[in-house]
Amino acid sequence: MSENKTLLQVRDLSKTFLSRKGWPVPKTVAVRAVDGVSFEVGQGEALGVVGESGCGKSTVARLALRLIEADGGSVRFGDTEVLGASKADLRRLRRRMQIVFQDPASALDPRQRVGEALGEALRVHGLANRRDVRTVVERLLDEVGLPKVAADRFPHEFSGGQRQRIGIARALALGPDLVFADEPVSALDVSVQAQILVLLERLKAERNLAFVFISHDLGVVRHFCRKVVVLYLGRVVEQGPVPDIFDTPLHPYTQLLKVSSPNPDPDTAVHMAFQEGEPPSPVNPPKGCHFHPRCPHAMDVCRSVYPSLRKAGDGRVVACHLYPE
Amino acid sequence: MLRFVAKRLALAIPTLWAVLTLVFVLVRIVPGDPTIVILGDQATPAAREALRQRLGLDQPLWSQYWDFMVQILHGDLGRSLVTNRPIVDDVWAVLPFTIELTVAALIIGVAMGVPLGVLAARKRDGFADWFARLFSLAGLSFPAFVSGILLLIAFAVQLRWFPVISTANATDPVERLRALVLPAFNLGLIMVAYVTRVTRSGMLKALGEDYIRTARAKGLPQRLIVWRHALRNVLIPIVTVIGLYLGVLIGNAVVTEIVFNRPGLGKLIVTALNQRDYALLQGLMVVSAFAIVVANILTDLTYGLVDPRVKTQ
Amino acid sequence: MSDAAAPAPAPAKVSLAAPSAWRRATRSGGLVVGLLLVIGMILVAAFAPQVAPYDPDAQDVLLNLVGPTADHWFGTDAFGRDVLSRVIWGARISLFVGFVATMAGVVFGTVVGVISGYYGGKVDKAITAATDVLLSFPQLIMGLMLVAVLGPNLQNLILAIAITAVPAFVRVARGSTLAMKERDFVDACRALGYGDLRIMFLHVLPNIMDEVVVMASLWLATAIRTEATLSFIGLGVPPPTATWGGIVREGFDNLLDGWWLSVFPSLAILLVMIALNLIGDGLRDATDPRAPQ
Amino acid sequence: MSAAPITAASEALQVEGLTTSIRIAGHWFDAVRDVSFTVRQRETLALVGESGCGKSLTALSIMGLLPGAVGRVSKGRIVVDGVDMTAATEAKREAMRGDRIGMIFQEPMTSLNPVLPIGFQIAEGLMQHRGMSKDAARKRAVQLMELVRIPSAADRLDAYPHQFSGGMRQRVMIAMALACSPRVLIADEPTTALDVTIQAQVLALLADLQKQEGLAVLLITHNLGVVASVADRVMVMYGGDVVESAPMRAFFQAPTHPYSEALLAAMPRVDRASKLAPIPGQVPTLPDMPAGCRYQSRCPLRIAKCAERPPLTPLGGDPEHGVRCWVRAGA
């Protein structure tokens, strides 16, 4: 397994959503969902993207896959620039980059049998001829731990965990190198969640798959990923190898996330003694460092200047004025 | 409030402009020579030429369009081809009757439809529900002229409770009201049906919502849960439905006026059709479209009253 | 992995699969009754020459304005024509206009609506604006105006009613498409590199057909009602051709001469309306997974 | 509020032999089987399990909020603050709800009425149960909003739910539930829909309020991390059965039922790298539940005797720690 070669390179990715709201006369409101996000993923490597709702983590995946068009930045996959790719190039890229969604019920076409759903992907890309389709579909189902007969059923006939397996099989159908997994286990019960995580681990090893693993659950990310990016209101606040960041988080926000995360151990349970405060609205983020209103270490500079990302040890960066540039 | 109305009206300007343009185009797609259509093929060339000039048909199209728009901006709908009276005057003369009828129907629709819908939802598959479903099925199924004729035959011709020939013009308010009952009920029937349905389904949905469970967990009695917590939320779809079907109501008002021989826009339309008075028809189109645009604005403003989410984003 | 046993049916989940939807639809009986009525009427209309007891246009001055009798179930009109035969022949025009106009509106409106909702952006804005403008006219008045301008004949009636139906279907299809776009499977299809046409017509369209079909059955009622109303106002297929609205009109003009002249054709219209509304409601109950059971 | 003296009535909530049935395709199935527990004042009992284990149904049964057509309490006794809810009339239950026993729900986004002002929704219970005037209830509502630490409470009295974030809405829910100073609070997954940092705040708030008000809290959750943070005692449910019941620390030190063990082993941890051991298979649906021990279809320790339903047996060393397993209870 070589993890040295960079597979995906995201640079300064940005996206602003405009929406019209108001009564009786609507006004346009701008939300900076993703603001200058950069990261890299190597072959066969799992990168975690963590943050709370509204931090832009799902948008990053959709931008990189061009399900939404970005406003700026670049996404390189292998040697191809994704954001500027032609229709034909994009189609070729689709085979190598896939996505698994959070809600497996919404991710499958309810009118399509499982076998048709998988087969369609193969046929559209000419990866199997009419005779072979069924064989390939059955092999895919087997790979994700579903029986052959599953091909003849409709999505609503399956449980949540099984539907997520179908979603994974569909993502694998085109033989991708990289899978964006957008909260793939968040909708599942703990015991099923563990089944899916184990399955993803096996596929990662067997197929040398790279993952961009988006999750709000630090425990899941710690378990599955090697590197992690922490987002807050559309910006990267900290980035680095998983054990380092989880053991000694540098950014006050990462620290807050860590102590807030529930742990099944009475001695390291949720740390509940800290000040009040909620994430501000992404419509109108605070000036300076977006986190300063909630930060126990906030200084004057934090209120006016957004801290640039700075190196903080081996392979780590942090966007915080507490650390020297 | 007035500022809101003004702003909302400003937003409606592009729509109004497009609507007026559509009317202009429609009236001018009359196949063949419009003067023959209006005067018949026996007309002399001189008469046709005179008409052509009066209609401005000798002008280039863009100039006709410009004149049309300028006229309307001045609140002028032109003159009738037949009587040469200003169309605005004709419309103003009968508009109160149509408004009276429509408003009465709307009141009947809400006053009957909301309680019926609530009762139906409270006792699902009970008698009230069964009655509400049957009644709204009937309401939706009757074309306005069919129900009108049946009402007329039953209550005016046979029972003689109400006048066969409308007395809506009467100065005696009692007589005028008596003339309003059958037409208003006829027009209101479909509104009752729409409102009953949306209230029933809205209540059924609302009663299954999480906030109703919260209200029950609070220990509120069923009465408050239904009429305060659930119905308040159902007002929103009720307003939507009323706004959506105002167009149907206006269309049916025309038919109802014809059946009950009431003065109003409906009779004016029939007059225009019979006399091939395209100018009058055009004016009436403008009026009815304007009515819908105003109704839409009123609906939007009502949303602000019944749904706090609309006002305060 | 041992949970890879046979897929267990998920309990308490609403299934959209054909059999259970059909069972739900037929449970109340309304849909079945409505369908039987409509099919019956279509058959009667199709075989009008065989079914109608008399020639609908044959006049018999000696037998004018006779009330319902064993020979003339619905009575005769001022010209001595058999009202029953006229109602049967009239069904042909009414049903034909209704079906053709609705179909045209459904096909055109749905396609435009799906495109509008799927692409969004400028295309969507333009289509929505156009829809809003068309919906700024009361449907009946728009139809009336179109027929008045184009001239009252069968073809123009169909055209006019179809034109008024289009914006309604654009709106429904667009709304449903937008709702579908919220679902991840549309994004999944795009991520798999499917073309827009494939996604729109093989994935989105089948999933919104429920709503379109319900709407179509209700619009069929609207279309037939509009045709009848226009005929009643005097803008239908010109006489002496029998149409329901036209027969009612003639009866209405002779209201004091005989109630049967207007009541029987009115009941025929009412029957179709009820049948179509029953079908629409039955379909809605059967296909709306949110409908309380 | 001063601390109430601990008397014989310190048992604020008692549930004895509760069996709740739900209707699936015309047949009634026991979704909660013979569940018994007591929650004392100032105590938090956590009911833990995965979806479909019966924990929420237990809560709804206690509140008397089961949807009548598809759910019913078929056996057992529920005593809230000395009042037998199962024997009470619906009017009496109505009077108890929101007064002596309050409940907060999982979905803060949908659990508040979107068209009524927050202040009114809080004040409503006071007007209903305490006969307070509108003004007095409003004043109390401001105090309650301050109690749950909603900033600038007085100004936000007339605000609507959509103007609040998820965390703030959950505080409003708590204020509503506590309006009449109930003795029992049922919290059904109160923080599941919230972000972790907000979850920590709400848990801290709940813990503080419990101390202040001397509440008995029944906390329903699927998250063992939340349990470890706030619970005094734990009951693990599976397929409608309580499979293990223990003081919180004892539970985490020695989880005994094979399902409890497996649940802990399946949860990835933040504090250290962990090896996951998924539980094979899935929870059977109610119609497919095996007779006897309901966990047997997924259990690695299964023996022939599992075909009989094991009793909840106290473990040798600790009478407070019970387990429903032939193998583990016998050991």
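Note that the chains take the letters A, B, C and D in the order they are written out, and that residue 1 is the start of every chain.
In this text, contacts are C-beta pairs under 8 Å (C-beta built on N, C-alpha and C of every residue); 3 or more make two chains touch, one makes a residue touch a chain.
Quantities reported herein were computed from a predicted structural model and do not represent experimental measurements.
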Identify the chains adjacent to both subunit A and subunit B in the sense defined at the top. C, D
Chain pair showing more contacts of the two, B-C and A-C: B-C
Please identify the chain with the largest separation between its CA centroid and the CA centroid of subunit C. D
Chain centres from averaged Cα atoms put subunit C and subunit D apart, in whole Å, by 52
Give, as an integer number of Å, the spacing between the C-alpha centres of subunit C and subunit B. 22
Subunit A and subunit C: spacing of chain centres that average the CA atoms, whole Å: 47
Just give me the whole-number Å value for how far the CA centre of subunit A lies from that of subunit D. 32
Give the residues of subunit B touching no fewer than two other chains, as numbers and ranges. none
At least two other chains touched by the same residue of subunit A: list those residues. 159, 161, 192, 195, 198
Could you list the positions in subunit C whose residues touch two or more of the other chains? 1, 3, 5, 8-9
Which stretch or stretches of subunit C touch subunit B in the complex? 129-130, 132-141, 144-146, 148-151, 221, 225, 228-229, 232-235, 245, 248, 251-252, 255-256, 259, 262-263, 266, 269-270, 273-274, 277-278, 281, 290-292
Contact residues on subunit A for subunit B in the complex? 21-25
In the complex with subunit C, residue positions of subunit A that touch it: 62, 65, 67, 90-91, 94-95, 97-99, 101-103, 106-112, 120-121, 124-125, 145-147, 149-150, 153-154, 156-159, 161-162, 167, 170, 173-174, 192, 195, 198-199
As the complex stands, subunit A meets subunit D at residues 52-53, 159, 161, 189-195, 197-198, 216-220, 222-224, 243, 246, 256-266, 268-274, 276, 278-279
Over in the complex, which subunit B residues touch subunit A? Could you list them? 4-5, 7-8, 11, 300-301, 303-304, 310-311, 313
